[in-house]
Amino acid sequence: MRLYEFEAKKLFRRYKIPVLEGVIIDRNSLNELEKVTYPVVVKAQTFLGGRGKAGFIQFASDKKEANKAICSILGKSHGPFVIEKVLVEKRIDIEKEVYIAATIDRLEHKPLFMLSKRGGMEIEAITKHDPEELLKYYFNPDDIMPGFKARIMAADLGFTGNGLGLVAGIIFETYRLFQGFDCKLVEINPLALGKDKNIYALDAKVDLDEDAMFRHPELKEMGITARHEVGELTQREQTAKAAGIPYVDLDGNIGVFPGGAGFGIAAIDLITHYQGKPANFMDSGGAPTQEKLRAMLGLLIDNPKVKTIFGARFGGISRCDDWAKALVQYVKENKPKKPMIMRMAGNMEKQGRKILEQAKRDYPELFKDIKVYAVDTPIEDVIKETIRIEKELDTE
Amino acid sequence: MRLYEFEAKKLFRRYKIPVLEGVIIDRNSLNELEKVTYPVVVKAQTFLGGRGKAGFIQFASDKKEANKAICSILGKSHGPFVIEKVLVEKRIDIEKEVYIAATIDRLEHKPLFMLSKRGGMEIEAITKHDPEELLKYYFNPDDIMPGFKARIMAADLGFTGNGLGLVAGIIFETYRLFQGFDCKLVEINPLALGKDKNIYALDAKVDLDEDAMFRHPELKEMGITARHEVGELTQREQTAKAAGIPYVDLDGNIGVFPGGAGFGIAAIDLITHYQGKPANFMDSGGAPTQEKLRAMLGLLIDNPKVKTIFGARFGGISRCDDWAKALVQYVKENKPKKPMIMRMAGNMEKQGRKILEQAKRDYPELFKDIKVYAVDTPIEDVIKETIRIEKELDTE
Amino acid sequence: MAIIIDKDTKTIVQGITGKNASLHTKFMLEYGTKIVGGVTPGKGGQVVEKIEVYDTVHQCLEVHPDVAVSSIWVPPRFAKDAILEAVDAGIKTIIVITECIPIHDMLYARLKAKEKDIVVIGGNTPGVISPGKALVGMLPKITFKPGRIGTVARSGAVTYYLANSLNLAGFGESTSVGLGGDPILGANYEDILRLFENDPETDAVVMAGEIGGVYEELAAPFIEHMSKPVIAFITGKTAPQGKRLGHAGAIIEGNMGTAHSKIEALKKHGAILAETLSEIPILVKKALEGENKGKKA
Amino acid sequence: MAIIIDKDTKTIVQGITGKNASLHTKFMLEYGTKIVGGVTPGKGGQVVEKIEVYDTVHQCLEVHPDVAVSSIWVPPRFAKDAILEAVDAGIKTIIVITECIPIHDMLYARLKAKEKDIVVIGGNTPGVISPGKALVGMLPKITFKPGRIGTVARSGAVTYYLANSLNLAGFGESTSVGLGGDPILGANYEDILRLFENDPETDAVVMAGEIGGVYEELAAPFIEHMSKPVIAFITGKTAPQGKRLGHAGAIIEGNMGTAHSKIEALKKHGAILAETLSEIPILVKKALEGENKGKKA
């Protein structure tokens, strides 16, 4: 779960990682500008990097300029995101900028602390051209960072004297934050030495582990709650999110009603491969409730772009009988008109098939365009059949 | 630093280790009895074990009995301690009592958790006769206790069902307290299963590491402060304590003004060996200030029992010149009449000897009974000389 | 001897009293898996599907000292501790069904297991099946048939479709392994490829990968050293690519993590790439006939 | 080659800019100890007694890779970290002058050192001296003379008086080791006895112990296996015995910890007990003449 800069800095304050004074401003709180002392930096709050290049970090030496900067940023799009807030911070004179980050190396399966003597805008060039300039320090999971290691790192960044202790302290606390809040990433770029000889975390990037949020109720107290990170949501995506269903609108007309995320991705590939056009990505999660399954179907039926529905249930931890019950219940209640070409196999398949057969007998009219193949039909034949039917409808 | 039961239970509450409701009562707060519901247990607050046998744990089924019990306990002596407070706790019906303790095994240099299925009064018999009944679980220092280990221990104590989880939780938290507050010992005897199926820590013994107190300012907030644990102090011992000097009054007449604790102990042995009678134990600590050295001398000079003073300074981290300066300053200011037989050797000895010689020249009268031998006189000759002079004075 | 589990492998179920775990305990027993005990703290003494429940793994092992595999079904917040308990008890293979285990928890648990040479599969694995012999997890038995092809995949459903596709073409599986869908996994592709390479009952391996993570790329170089053909199927070619936050990811993982990077790495090191599920058995057949690989057994 | 430190042993001083450390750096240099660097974080680049100060041990070791001994003089709350820093840098002997180190800190630091076979002496040690060769710590040089008797004691002053008593009788010391006065120590008597036993420059060992703790009792059995005589001096015979809190101490340590228990254990395993300091050289002389022990060198 990615945090906005201003949220990440709330966590920094908790760990006494020094950040600049600042106020957070949106369309309704422009009066907050009264509180700042100039010069300031106005920074768009967004989940993407490259804000500087995109013009979303601006300087202002008085209120008029600040107002202008804010108005030129709020409401703009940064990639898929609409910028709703800016962070207005005191501007300081900088003597030196470095890069520090705590993250997880998935190649080594270890926590990793990284440093670069050259931070700020230069980090991109270093990443691309001089990766050997990046210093890496591995840790064992759960190991606390010893104070001396933090000092070694601060020294490796070129700090001496008073700055050595300050930066070692920041490195130590950054790692404590990384561990303490189950972070996937804590990145400070730049960590700056001001002309005033103080050290400041000028930017803050924090990515939290969604699966560990149960351990951190204090985030909610801090006003930091779950969010969707892939840009502005369509109406349908918002509905799906509210129902707890990972769902992405795509551009096609075949509704995809898969099982887990893994086959959801495969299904889209395969539909595309056979010249069909998937209308969506969706993930049922493990062992979805009947309620969730019905909500999933509703998302497809209610989408006017969707002409046919491809469905697949391979019962593992999810059960075929639950799936069949949900399907029957949905069809009985909503009487959908769209053809559904599906396949059901796996655990509790026999029970599921009984439910479907009973429903077909009871409501032959409602189920006439619903086919549910079994394990002996290759899934790709079901996909091809769906595409064929969709093409027929298309040419009607 | 040993805690009283009621203090230890404050720490238990912090870690959600279940204790009974109770009030702490001294001579001035007998009205606190209004708050309790009967029957109750009245327990003397003291640093020693064996309270039950000594009659310092009494039961009361109403206020009258409670009052009587309290009055029979307050003001009594338990070993060297005068009982100033009692803890009055609700009395419960007990189904089973076990013993648990987290401590440090100095033989193995490891933290150790111990269990006994038989707790309460029986632990003494087990310690003496069936030590193999005690179960031991070693940990690496700094390792957190895994939840499953706590459950294994709870199961080893014979708990099942709901009790298993409760006791595992208590074991887990006991170890967290042990680590979190730098404890030398956390002992719960008995940990009791009540007839109400709840689990309670009926007693609480906690011993903190004095050298780690700087890490735990919260103790002060909880009203837990440093204390003298070896019984009632003499007036002089209280004076010494206020000056930060480890000091114990003994029964003799030779004042001992040694360096560190190690030689302090040796000096008492040696004086005793040569048929002298030491008047005290004392420890200067490493590198004492001149102020402290003067205070140490004052304790001996002001003691009417002390006839002669044996002194020894082997300058290591303590410096001979500091020692000599303190001696000269003290003598100049206080003009003591008691003979001082001393020896000074070690670091900065030359400088120290110069100071002493100058003082002898300037104040021959004041220093006439003060001898300060050098490294070439065996320390035992100095001791024997002190004893000889003391005996002379004695026969005068 | 099939890899990981065979018909005589004694296994236990941690979290057996949970709804899913007890249902799948029934399925596993029906399939013939030798489940000798279950563990749920505080529920020792209960019985689930005629299997005795213990309070701790250690208590269970006192009665059944030769347990070789444990499967973990506990809620995610207890998964780390359950894995550590099995590691502490010295169980040599731990199959973690639990999904959404916190990353830092899993990093720690897998390290402790590695230190004792214990194999951890998952989290979020559908399980492992050696068809006709034993099944640990929640894989639907109907999908798998005995045979001589090993399969390994991250996603549960993809595992099922792989086998289904092989079966419809007349092949069967020696063992099918689900690596799991969690971001941090115990065993990775290379670990399982190595087992199949040394397994006399396996002639060829089908591996399925998907967008995200680095496990496919990391395994690719090992394929060069294998005597048996590896047919690979990578999904996510049409999925939109997410953007990384910050620079750390790019520094560590470079350009890994896309379907393209995975396909390129696998091709480069000698894997045979399949475009569709139905193409897989065709390529397996070709590889086994055309080349002289995998004919040891 | 003397044990632990010799005239060519390169050493560093952690916490060198402190008042005591800088004074004793001067004394050590005067004695001939090869101090090649000092460490105080944030004070790198300063100079103390012509010795360069570094910010970290690692920076110092980049310039002086052959450092064999570090002495630690930092305040107690930083001692754990300073020891770990020296351990991490791979320095083979760490002499901890700092006193009153928290027990849990020292337990952890000594374990980390043990894992890498690093010798930790102290905390609260007066140091180690190989008379005429080198001195690390704050032992007063005047007390020690070159010779062939090894000494080991917990207390600083007792260490000085032991040597003083030996010197006045014409003996000298091969090396004198202060184990330290803190409740948890790195090296214990047995570790040092073992070094002396294998040291061709040592003929006999004098060990002094005192009331409290268990180190003397633990070392006693080793004395039986030594070829050299061990003369022991135990103090605290007349000290009042404290009472333990709770039962844990008695369970673990039994009746250890009194002067009596130490004397009994040492006698039982062949140590020669001295009643007074002046008796020590007499017993050493007797042992060396009377028996044929310790004549190897």
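Every chain is named by a letter (A, B, C and D) in the order it is written, and numbering of its residues begins at 1.
FYI, contacts are C-beta pairs under 8 Å (C-beta built on N, C-alpha and C of every residue); 3 or more make two chains touch, one makes a residue touch a chain.
Predicted, not measured: the structure shown is a model, and the values here were computed from it.
Trainee: In contact with subunit A and with subunit D at once: which chains are those? Just list them.
Mentor: Neighbours common to subunit A and subunit D are absent.
Trainee: Could you compare the number of C-beta pairs in contact for B-C with that for A-C and name the larger?
Mentor: A-C
Trainee: Can you tell me which chain lies farthest from subunit C, using the average of the Cα atoms as each chain's centre?
Mentor: Centroid comparison gives B as the farthest chain from subunit C.
Trainee: Can you check how far apart subunit A and subunit B are, centre to centre, with Cα atoms defining each centre and the answer in Å?
Mentor: Averaging C-alpha atoms per chain gives centres 57 Å apart.
Trainee: In angstrom, rounded to a whole number, how far apart do the mean CA points of subunit B and subunit C lie?
Mentor: 58
Trainee: Could you please state the distance in Å, as a whole number, between where the Cα atoms of subunit B are centred and where those of subunit D are centred?
Mentor: The separation of the two C-alpha centroids amounts to 26 Å.
Trainee: Counting only residues that touch at least two other chains, what does the list for subunit A look like?
Mentor: 142
Trainee: If every chain is a node and every touching pair an edge, decide which shape results: line, ring, star, complete or other.
Mentor: Shape of the chain contacts: a ring, since each chain touches exactly two and the loop closes.
Trainee: Per the touch rule above, enumerate the chain pairs that touch, sorted by label.
Mentor: Pairs satisfying the touch definition: A-C, A-D, B-C, B-D.
Trainee: Would you mind writing out the residues of subunit C in touch with subunit B in their complex?
Mentor: 41-45, 55-59, 78, 81-82, 84-85, 88
Trainee: Quick one: which bits of subunit B touch subunit D in the complex? Just the residue numbers, please.
Mentor: Contacts found on subunit B: 2, 47-49, 79, 99, 101, 103-107, 109-112, 114, 123-124, 127, 131, 134, 140-142, 179, 182, 184-185, 187, 189, 205, 207, 209, 211-212, 214-215, 230, 248, 258-263, 265-266, 268-270, 272-273, 278, 281, 286-287, 312, 314-317, 345-347, 349, 375-376, 378-380.
Trainee: Taking the touch rule as given, give the residues of subunit C at its contact with subunit A in the complex, in rising order.
Mentor: Subunit C residues touching subunit A: 20, 24, 27, 76-77, 97, 99-105, 107-108, 110-111, 124, 126, 137-140, 142-143, 153-158, 160-161, 164-165, 168, 181-184, 210-211, 213-214, 218, 235-240, 242-243, 245-253, 275-278.
Trainee: Across the complex, what residues on subunit B touch subunit C?
Mentor: The touching residues are 146-149, 151-152, 155, 160-162, 164-165, 168.
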